[in-house]
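Given below, in the form of structure tokens, are the structures.
Shared between the two complexes below is subunit A, which pairs with subunit B and subunit C, respectively.
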Partner chain A sequence: MKIKEGGVSRTVFQIFNYCFLFLLMLVCLYPLYLQFITSISHGLEVMKGGITLIPRNLTLQTYTTLVRGELFMYMKNTVVYTVVGTLVNLMMSCLCAYPLARRTFSGRKFFTAMVTVTLFFSGGMIPMYLTVRSFGMMDTMWALILPGAISTYNMIIIRTAFQSIPESLIESAQLDGANDVIVLFRIVIPLSKATLATMLLFYSVTHWNSYFDAMLYLNKKELYPLQIMLRNMLIGGLFNEETAIAGVSADSFAVTDATLRSAAIIVTTLPILIVYPFVQRYFVKGVMIGSVKG
Partner chain B sequence: MVQLATPKKQSLKRRFLRAFQRDKWLYLIMLLPFVYYVLFCYYPMYGVTLAFKQYKPKLGIIGSPWASNNGMKYVLQVVRDPYFWTVFRNTIILNIENLIITFPAPIILALMLNEVAHARYKRIVQTVTYLPHFLSTVVVVGMMNSMFNSSGIVNQIIASMGMEKINFLNDAQYFRPMYIGSNIWQSVGWDTIIFLSALSGLDMQLYEAAKIDGAGRWKQTLHVTIPGILPTIIIMLILAMGRIMNVSYQKILLMMTGTNQSVSDVISTYVYRRGITKADFSYATAVNLFQSLVSLLFVSVTNWISRRTSETSLW
Partner chain C sequence: MKQRSILALLLTAMMLMSMVSFADAETPSTYLSETPVTLRVMRDENPNQPIKADTLKIKTIKELLNVDLVIEAPPKASYTDKKSVLIATDDMPDIMYVDFADVQAYARDGLFVNLSEHRDEMPHLFALLDANPSLGMATVDGQFYSAPTLYRTNPDATLSGQLVNFRTDLLEKYNLPTPTTWDELYDVMLAIKEKEPNLIGMTNRKAGNTTATRKLLDCVAFPLGSYSTMYRDPDLNSGWIYGPAHENFKEVLKYLNKLWAAGLMDPDYASMTKDLWQEKLSSGQAMCTIDNDGVVRNFNVALATIDPSYKFGVIPTLTNSLGQTRNTSYANDRPGNAFVIPASSENVDLAIKFLDWCYSEEGTDVNNLGKEGVSYDNVDGVKTFKEEILAKYAANGSNAIYDMSSDLGIGLLEFTPRYDTTPDNQVALYLQGSDEAREAYREVTRSILNDPGLIDVSTITTAPPLNAEQTERYNELLIAVENIVWQEIDKYITGQEPIENYDKVIEAAKAAGATEMEEIYNAAWDTALGK
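And now, the complex of A and B:
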């Protein structure tokens, strides 16, 4: 709908605008690119500095060092937490959303109020911590999964999707003798696949990226997720602790703290970077549905 | 009176039972979510009373006795703790600065994107600028540390220009710019979504009318576009004000060093250290209570102001 108008000033603005947005894209991408080229450069070159655009003295030793360490253990933990956590999230959110979406449900008002209150009030860090502890969930993966089993925001988005399914469809199924459990799993969920796919993405990214819950509730190293590994590498020069097992002699300088950190950043982010271009529009869609409601 | 009330009560009970009977499957489905909300939302919410209790691990939150001074022991302790007021001040300053700088950024970016005539270029810019939103806090802080440390690329550039290297990560005066800057980097693209959708909903006829009146592109933006998305801006502002006290402490905890603690320590990080690290549960909960109160105050005041001035409000 943009109609050509305005004179020189308009053209100047357009050129500036396009250039600015181009620069912005560079600013968004460059930090990741820099980590990538650092991770495949020789440690000594990185130490000397000056690596800005092209990697120098290519080596994959950093990655092999990471792999020989306990990378796979951390990664396995993250994958397990993400998969189980997301499944629990989706299951619980659907269970909660369905009754709230049914206009005829006699408990609808009560439960809607109960859920809405949690959008505005929460116990805060300490009561939550003590709750998890008193349920005996410390040092189990349930501490990372159950306390956030339902994100009320996401659940409301799912409810909105469920509401858009015609009531007559549900009623006719019930006339055929289907109870609500069957209606939910055979009709409502299959018809809401697009929204649920979006929610699956939101929930799984949250699980993949979270570190704080693990820091609060897990004390055993063998339970740590990737993000905690990365955090520990950031906090201290964890070269020795993280890689001593791998038996790398630090004097070769091919692998340094800096290159190891970069490689860990890349490994941690890679799954998101791979999936992102394909699913980006679903994310955006999720925000839109949410905002229409809000 | 009693005689009158009894039959009514009975019928109410019966009506409820009938409704329960009719909706039994729905109640069954709701059972697990209900248990979840009670155990992980309402029970911790009740746990806020910890601020007024003498916590005994064996007795749990409910069983612990009230603290001395009519339960006010810890609240008074917090008020009298000079360090609490330092973190309180830090929280307010960091958040207000953060809000003032980060809030307009996505609006400006959305307006700029709106001027892009090539749909494909616009889409590419969007895709790329949304990306940082999906990176984890640990990754963002990790990249920031490696770029801004003494041997990082930023200091290499500074040194090559013959200037003195800057200790971005440890120097207290750079903490706020680093925190706010990385916030913008991470969220500016993603936060445009709401504003772009508001922009796409604007009535094209208004632009036509403005053009007939001789308004140029800039005037159209000023008098049509911005008033058009103002309700969205106000709602987003109120929501942002509501979140003003809960800073991303998860990021601050990663950025905090011994030397920048004087400005980087905020209420949540203080709660974390006192509560989790030192196990001062009641004290930490009391500190957190102040944060909740101030948040509530902020939302209410903003909501009140915006209702008075623009008829847009949350309630």
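And now, the complex of A and C:
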């Protein structure tokens, strides 16, 4: 009986809830949608303004212009940095998290404390730059990967997940003759898949979005990642104050700063949007394991 | 066997001789170094014009000078960060593009080569610097530590500035005369507003880090009789003054208030953005804007899609209420954007020679036009881009100039210490399509070029070199004074405060340090001129 009464109010609640969430979804999606319709509209129409729901005077010229440039080179670099970087990140984080998670590791508290210090204090930009330079990593992709090989915060989440694995399980493996390497790769890592999938997403999104290190450590343009191009388009790309050339035909305005900017945003965001749903199911689970049991 | 060895010897001798003769032929007198040397230079990259590695310019420099030029081009958006780190770690390339403020901040620490000490090795640069005494302002303690970006004129040169752009079709439609004074401009806008009440009179935009109000005043204050910051007033022979702290600034505010009261100011003027401004102008909502005429002319294309007769045109410099006919044009020489040679460079001598070459006629040609016979022809000193090159890029429309400059490695947005606007001018002319349109375009640009009211903005605003103490004090005062002035301006434009009350703002600004700022500038100016 009680359930039935609850049923009516729940239905009402659900309807409102869906409406509310639907509106929320629109609010979240609209900016992206607006960029999309801007990127496929004619530059002149965008200049005149008023494109809000429907693209006007459809053209794909913006995308062909974008592709004609060095987009693929930047894209390739970003993919390489993201893939290699994330692998290095996961590897190093696991290798660091495992001993810190083992109760049998002497000096565990000391090392954990030392690692935690780096959460709050860092060397700063210039010492970091000098270090990277003295290791001869300038103008190589390692400058973007090795200095940040371990994110302390992520490593601590992994450590907490590793700690949640019963010590008895590890002991029995050791009784069967497994050493630490086997324990880590055959038992601990396979049991922490959800957490590691989350970390994979954290790390890869960070690599995908990072531009600052690349700007700092790379001088060769052929090594630049995508985000440097995007940022330059968004911030540096406002038309040059003092040089403007009089175009004469409407065609010459099919592609403008505004449409190019939108297209670049779509192109850089799309891969993450595509990957996200596949990793998302691990996402909440992975973070929860780390926090609840920590 | 013996014959063979003789033959071998002969062949070797021949080879050696041919190598020697080749070597002779390959060391032209233009070479800066016998062995090939790599020079690293750095400047920011504008996203419109990507800087490429194997351009015609770079190949030509290799051929002429035996220098492998490597241009490192961090994106414009991150250039300041990158530059700061490189300066802080003394890890700079052989030649670096900086702001003059960097030169002022670090030259005394010995970070950059003192070019004045190498005057004899840099004849081309110093000939140009000596020819224009106002460039003496780009020195630190009387010494040139940086080579400023300089301009070379050309037969197709045009002039641009923040000019009065007006919908000339409206004047024709309502049979109104072209205004010659600011008051006539008001009358004309009022007359049009009566017929078309939906039209905005004057609109403006935000630019860079300044507010929209500040940008508006940057554009209109000088033609109306004052200026928005420190300047030397050519009509008052005033020395350095801070515009908003002087009586004439009231004329500017009075005029803007008059427009506001009549409903002729853009109601959004204080919160305008660039996009909104663009939208209003290209959709035919506004009659007038005081801004870059080249940019505004581009909106004519969008306007023509609404009605072919709609059109913005430039109105010759107007006379203000003080009887002055004046406006500013963009500066040609740019001492604010300069090139330095870091003292830590391993190639200082070569960098000095190379930088000087960039200021020579030959260097200027290569940096702005590419290679003679390949990208341009030179007929009796008149340099013209090859037709096929112009035609190739014309298809890219409004990006033509950037695409062409990017591929050839030329122009102001490349590594070009001395620039020449030939590419911009010739592309613009070519894009007009027909000879008739070209002539019409020439007529427009020529009338601006010959407008006697236009003054090069650098002649009234190029700041004198301040010493460290003066810089610190000046910046401190500037913040205090601007805080007082700029929060009041809108009240006077919108009439919340009557103009008589502006005297109080003037007093407050002077009390906060406007007068001292003027003294600092005037003292530094006199020092720089050796008074």
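By definition in this document, the second predicted complex is superposed on the first by the 230 of 294 C-alpha atoms of A that agree within 3 Å, B and C clash if a C-alpha of one lies under 4 Å from a C-alpha of the other, contacts with A are read in each partner's own complex, and residues count from 1 in each chain.
Criterion: contacts are C-beta pairs under 8 Å (C-beta built on N, C-alpha and C of every residue); 3 or more make two chains touch, one makes a residue touch a chain.
Worth saying up front: this structure is predicted, and the values here are computed from it rather than measured.
By the touch criterion defined above, A:Met125 reaches both subunit B and subunit C. In the superposition on chain A, A:Leu44 contacts subunit C only, with no contact to subunit B. Contacts of A:Ser134 after superposition: subunit B is touched, whereas subunit C is not reached. In the overlay built on the shared chain, the residue A:Asn219 is in contact with subunit C alone; subunit B does not reach it.
Of the two partner chains placed by the overlay, neither subunit B nor subunit C lies in contact with A:Gly85. Residue contacts after overlaying the shared chain place A:Met114 against subunit B, while subunit C stays out of touching range. The larger set of touched subunit A residues comes from B, when the choice is between subunit B and subunit C. Of the two partner chains, subunit C is the only one touched by A:Val255; subunit B is not.
In the superposition on the C-alpha atoms of chain A, the part of subunit A touched by subunit B in one complex and by subunit C in the other spans residues 47, 49-50, 125-126, 129-130, 211-212, 216, 231, 233-234, 258. Residues 44, 47-50, 65, 69-70, 125-126, 129-130, 133, 211-212, 215-216, 219-222, 228-229, 231-258 of subunit A touch subunit C in their complex.
Residues 42, 44-48, 50-51, 53, 72-78, 81-82, 85, 88-89, 91, 160, 207, 274-276, 278-279, 282-283, 292, 294-295, 297-302, 304-305, 330, 396-401, 412-413, 424, 427-428, 431-433, 437, 441 of subunit C touch subunit A in their complex. The touching residues of subunit B, when paired with subunit A in their complex, are 16, 19-20, 22-23, 25-30, 32-34, 36-37, 39-48, 50, 55, 60-61, 109, 112-113, 115-117, 121, 124-125, 127-132, 134-139, 141-147, 151, 153, 156, 185, 189-190, 193-194, 197, 204, 211, 216-217, 235, 250, 253-254, 268, 271-272, 275-276, 281, 284-285, 288, 291-292.
Contacts from subunit A toward subunit B in the complex involve residues 1-2, 5-6, 10, 13-14, 17-18, 20-21, 24-25, 27-29, 31-32, 34-35, 38, 47, 49-50, 52, 92, 95-96, 98-99, 102, 104-107, 111, 114-115, 118, 121-131, 134-135, 146-150, 179-181, 184, 205, 208-212, 216, 227, 230-231, 233-234, 258, 261-262, 264-265, 268-269, 272, 276-277, 280, 283-284, 287-288, 291, 294.
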